[in-house]
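Each remark here refers to the structure printed beneath this line.
For clarity, chains are labelled A, B, C, D, E, F, G and H in written order, and residue numbers in each chain start from 1.
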Amino acid sequence: MSGPSVLWMLGSDSDLPHIEGGLAALRELDISYEVRIHSAHRTPQQAVDLVAGARDAGVKVLIGVAGGAAHLPGVMAAHTTLPVIGVPVPSDLSGGLDSLLSISQMPSGVPVATMGANKAGGKNAALLAARIIGVSDPTVAGALQQYREGMAEGVLRKDAAVRAEHRFPAD
Amino acid sequence: MSGPSVLWMLGSDSDLPHIEGGLAALRELDISYEVRIHSAHRTPQQAVDLVAGARDAGVKVLIGVAGGAAHLPGVMAAHTTLPVIGVPVPSDLSGGLDSLLSISQMPSGVPVATMGANKAGGKNAALLAARIIGVSDPTVAGALQQYREGMAEGVLRKDAAVRAEHRFPAD
Amino acid sequence: MSGPSVLWMLGSDSDLPHIEGGLAALRELDISYEVRIHSAHRTPQQAVDLVAGARDAGVKVLIGVAGGAAHLPGVMAAHTTLPVIGVPVPSDLSGGLDSLLSISQMPSGVPVATMGANKAGGKNAALLAARIIGVSDPTVAGALQQYREGMAEGVLRKDAAVRAEHRFPAD
Amino acid sequence: MSGPSVLWMLGSDSDLPHIEGGLAALRELDISYEVRIHSAHRTPQQAVDLVAGARDAGVKVLIGVAGGAAHLPGVMAAHTTLPVIGVPVPSDLSGGLDSLLSISQMPSGVPVATMGANKAGGKNAALLAARIIGVSDPTVAGALQQYREGMAEGVLRKDAAVRAEHRFPAD
Amino acid sequence: MSGPSVLWMLGSDSDLPHIEGGLAALRELDISYEVRIHSAHRTPQQAVDLVAGARDAGVKVLIGVAGGAAHLPGVMAAHTTLPVIGVPVPSDLSGGLDSLLSISQMPSGVPVATMGANKAGGKNAALLAARIIGVSDPTVAGALQQYREGMAEGVLRKDAAVRAEHRFPAD
Amino acid sequence: MSGPSVLWMLGSDSDLPHIEGGLAALRELDISYEVRIHSAHRTPQQAVDLVAGARDAGVKVLIGVAGGAAHLPGVMAAHTTLPVIGVPVPSDLSGGLDSLLSISQMPSGVPVATMGANKAGGKNAALLAARIIGVSDPTVAGALQQYREGMAEGVLRKDAAVRAEHRFPAD
Amino acid sequence: MSGPSVLWMLGSDSDLPHIEGGLAALRELDISYEVRIHSAHRTPQQAVDLVAGARDAGVKVLIGVAGGAAHLPGVMAAHTTLPVIGVPVPSDLSGGLDSLLSISQMPSGVPVATMGANKAGGKNAALLAARIIGVSDPTVAGALQQYREGMAEGVLRKDAAVRAEHRFPAD
Amino acid sequence: MSGPSVLWMLGSDSDLPHIEGGLAALRELDISYEVRIHSAHRTPQQAVDLVAGARDAGVKVLIGVAGGAAHLPGVMAAHTTLPVIGVPVPSDLSGGLDSLLSISQMPSGVPVATMGANKAGGKNAALLAARIIGVSDPTVAGALQQYREGMAEGVLRKDAAVRAEHRFPAD
């Protein structure tokens, strides 16, 4: 079969902007993905069917994205033995504390790899998926190493610029 | 058909003590019930099947009891048009803030009637179920009215006892 | 008598926008309602009188909407044996944590069916009222079933649109 | 008339230990009081009647003591123009955050003088009541001044004891 | 002497808008006041001197207004036996949870009458001050009674308007 | 090379009891592991060296266990491209909210797969590690499938026992 | 050697506005500083090297500025015996509760001098650095004394202006 | 003059156990200290006098220890230009969130070096005081370096013990 390596499932299409950075990261790392919209509460059966068939379809990592009583990642984790990453969408309740707790506080036996309730959650989900795939895929592992070095270089460039401007007394 | 009027579903049998007061209240109000143990994550299909068949089995109200990432009541609400009451079991995370938020913060379209994350949650779920049944059942409505008067009398008795003891200067 | 099936009580008319979606849902489900403005603190007697007379006026479900120290739903529940739904209006204190706790953490004996402190609270209150009425009213139960199927179809349409656009590599 | 100067109202007699220190303080300051048990939810009419008649009965300050969705002080404040002090009883939800928010976050027009959600709440309510009475009663004001000096002396005694024991190097 | 009845102390003049409604309420109730800017941390001695001399200057109630680590009301309460009201200014930390806790969680012996961390805090502080003055001043008590009736009438007018517009089916 | 598949790093040996269930799960699934004690703050260089060399030593998944300002998992994630799982140890601050936020709220580019701040965190970390290994290892994937079925059977046994005991009226 | 007295390290150059007031305060107090951009996660080795060499370079105080899972100050404190000040950058999660807890809740042995998660954090870090330097530098101690007197004068000017405008009845 | 290098001030002698580890650390580092009991609210003038005279008495660092509305460290910082360390004593409100916020959220101009609201706070205050003294005192800086190495050795010993016991499969 030839499903994508990473299957994203969003509770609502209004959460798409939250994962844009993550989709870009996967493209940069050349990892295939597909994005689906399914709700643990409004289309539960379709969500479950998709998850239950994911391994056979060649999927390696699942990512559930949801806010508030964010049950989607946990429900996904209940129907597969593949790793499931949960992305808590920031909300108006303490900035997403509800989303974070609803995803992270899973009972024994059904883990969800929870990301932060912040702007970085979508991209970090993609990078964690890549790390997971890279456990057995040296190409992806190598791409991640390069990605990391690129990040470091970006910081060093900013450091050089800031350092020159923000010292007292100036040289 | 002859299912119970109230179907309780608990994520874990360790939560049974939390609903004892509620079971007693239902017996006092002469409302039939059954308690089942099913997890939204460990036996999701069985949980869903039970809920989906509840209306045809004569169930009128469903009660889901869970703690932490307490997905059970929400998952139940997704599979029926009967009213679903959610009971957040107190936890170690702020005393159950995770349970409360995971149950209450449902998305649009799938309501869960959330009880408090406190010792009263189990009994109040039973009393809300009775109120719901009492909308169309005058016997239950009458029993509730009596129950309420009994509560008031209990308070008045305590008031009389305390009042006599706790005044200054004493008579 | 001929009161509405659902009686909304708002602590302030500034909360009207928060329940618009709920009013629309009730109209769509053809369930009668009336909206009243009364405060547990500024017009307590009028609020209590209205609630106490609700059952005789034919009301089946009461909905209290309030924010902050949101006492209205609890005060309503104290004066009727009908089911009372509480809608916590989001606030500036953690996005409505005060509203949520003030409504949900009721003492033993006086349940309030609490909705989320989020944008969905008003609509979900309406849908829970419909579920409650639908326990004994097959027409409403049927309308709810259709409403739910409509929601699922909406999700499936979005899924199809998103899926076509967000896959990598593209077909 | 000859009512007490301070009228305590407790939502439950289980909260009596929380106010023991406060009752002792009032006796020490020679201020009359009475303790009543009434619930905003279980005996609302009795609670309201007592509050509404308090000024005519000679009461000067009302104190409401409650936990969780602690509506009692707010309901009391709605039925009198006397000052109402609210004492949030510590709970299992973050140690009483629910009690504190339910009492403090009152809407415009109906103030409740909120004490801390801690062990000091009961005694501080008594001392605030004394300060209020002392605005127009020089005897109480004088007694408060003495009370305060006694407190300071207690601290100074402890300071002397600790200082001698906890220095390094020792003399 | 002829000081004002109510002495407001603000930690910063940027908090003036937060108390505007309170100042208006005092003028409406014909209660004299003065507003001072002093910080528990930046001008501690001046703040303390003002508070310590307040009773002799004829002040009856003190109001401290501050945000964040809002020490001002507590420091004021430490230097007088007059009642001190604390107004927590909303902040960016959970909407003012820091302000609320810093003011309310006072140790035994030094009470602060804490208002809500919300928009109503400033006005409610004024109304509580009026209630305190009204304990021994029948004119103020009468004005408060009128104020309260005015509030109720305002709600009733809104109720009539909303009720006519928001019912289904319309008459 | 012959390092363990899973490398646990604990900030303190006092956290060992928190992961006992996780170690047992790995043994049950026949996955090799090693437990190390290193602190991001007290032995930072040793921690970093161990992590940096993990991939070459054959490690597939890293698990960091820490409480409070729980920097360990994030520091580990900074020094490898392997997947890092973070286990927040419950603490006295809201039951571990500090641990949870310190681990989950990572910046863009450095993901940590966060578990719940609850009793299940240690075991779920082990099971997530197994899911990650099982992406490319069919034996582990099969063992996980069996583990999951065993969990379901445990629930079903409890359901049968509870159901027989907790119904009203009894048969 | 001739390094700056105060070395700022920011996790991201987007946090520069947060410390502007602090940089200005140091210039006003004539204390030398340098600002560097380094991330505990993206350039960990560079961050560590800079910190480890700081004392020999003549640095007296280090300031780490970070938000979210703000590990930077703690990591800095692990690599030096100089005092490290942590500045939690406000975030969307409760306004920076994550930043505050990640910085303050350090384990035994590795202290971080934590500032508030508010607008004042950057300036207060600078002033604390000055206080630390002033322990052994009378010139800085004197400048701080003047700074403090200037603050007090600013408050007194505002007090005079507000007092004249906000009294009732007006003179 | 010959005051101690470190002056501890506790709001209550019941907090003494919380700083025992800190006192021991100072003795180990051979730094002189004195412990005083003074309350920002009960003996404010004595607290202020002690702080205001501290620099002239030879004190280099002040440490304020308090819980709840923990105003003491902030009040201390208002009366000196010496560095002030604040130790939030854990409380029942979320484990000390009130103490932490009351100490950390200081306004601009008056910094308090806040420790964690955890068991480590007392010892870390001592170690931060030592770091501050060590800025200009090479003996203390050297002692700190040794202290730190001792900590690392302790971790390494535990690592060796744990590592030998907790691996699978065993050698």
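Heads up, the rule we're going with is that a residue touches a chain if its C-beta (ideal position, glycine included) is under 8 Å from a C-beta of that chain, and two chains touch if they have at least 3 such contacts.
Note that the structure is predicted; figures quoted are calculated from it, not measured.
The chains in contact with chain A and with chain E alike are C, G. Contact count check for E-H and B-D (C-beta pairs in contact): higher for E-H.
Annotation: 36 Å between the Cα-based centres of chain F and chain G. Chain D and chain E have Cα centroids lying 18 Å from one another.
A straight line joining the Cα centres of chain B and chain G is 51 Å long.
Along chain B, residues 12, 39, 42, 68-69, 91, 93-95, 97-98, 104-107, 109-110, 116-120, 148, 151 each make contact with two or more other chains. Applying the touch definition to every pair of chains gives A-B, A-C, A-F, A-G, B-C, B-D, B-F, C-D, C-E, D-E, D-H, E-G, E-H, F-G, F-H, G-H. On the chain A side of its complex with chain G, the touching residues are 90, 94-97, 116-120, 148, 151-152, 154-156, 158-159, 161-163, 166-169. Note for the complex: chain D touches chain E at residues 21, 55, 60-61, 81-85, 100, 104-111, 113-120, 123-125, 127-128, 131-137, 141, 144-145, 148, 151. Per the touch definition, chain B reaches chain F in the complex via residues 4, 8, 10, 12-13, 16, 23, 26-27, 31-39, 42-43, 46, 68-69, 91-95, 97-98. Touching chain F in their complex are the following residues of chain G: 11-12, 39-42, 44, 48, 68-69, 71, 74-75, 77-79, 91, 93, 97-98, 101-107, 109-110, 112.
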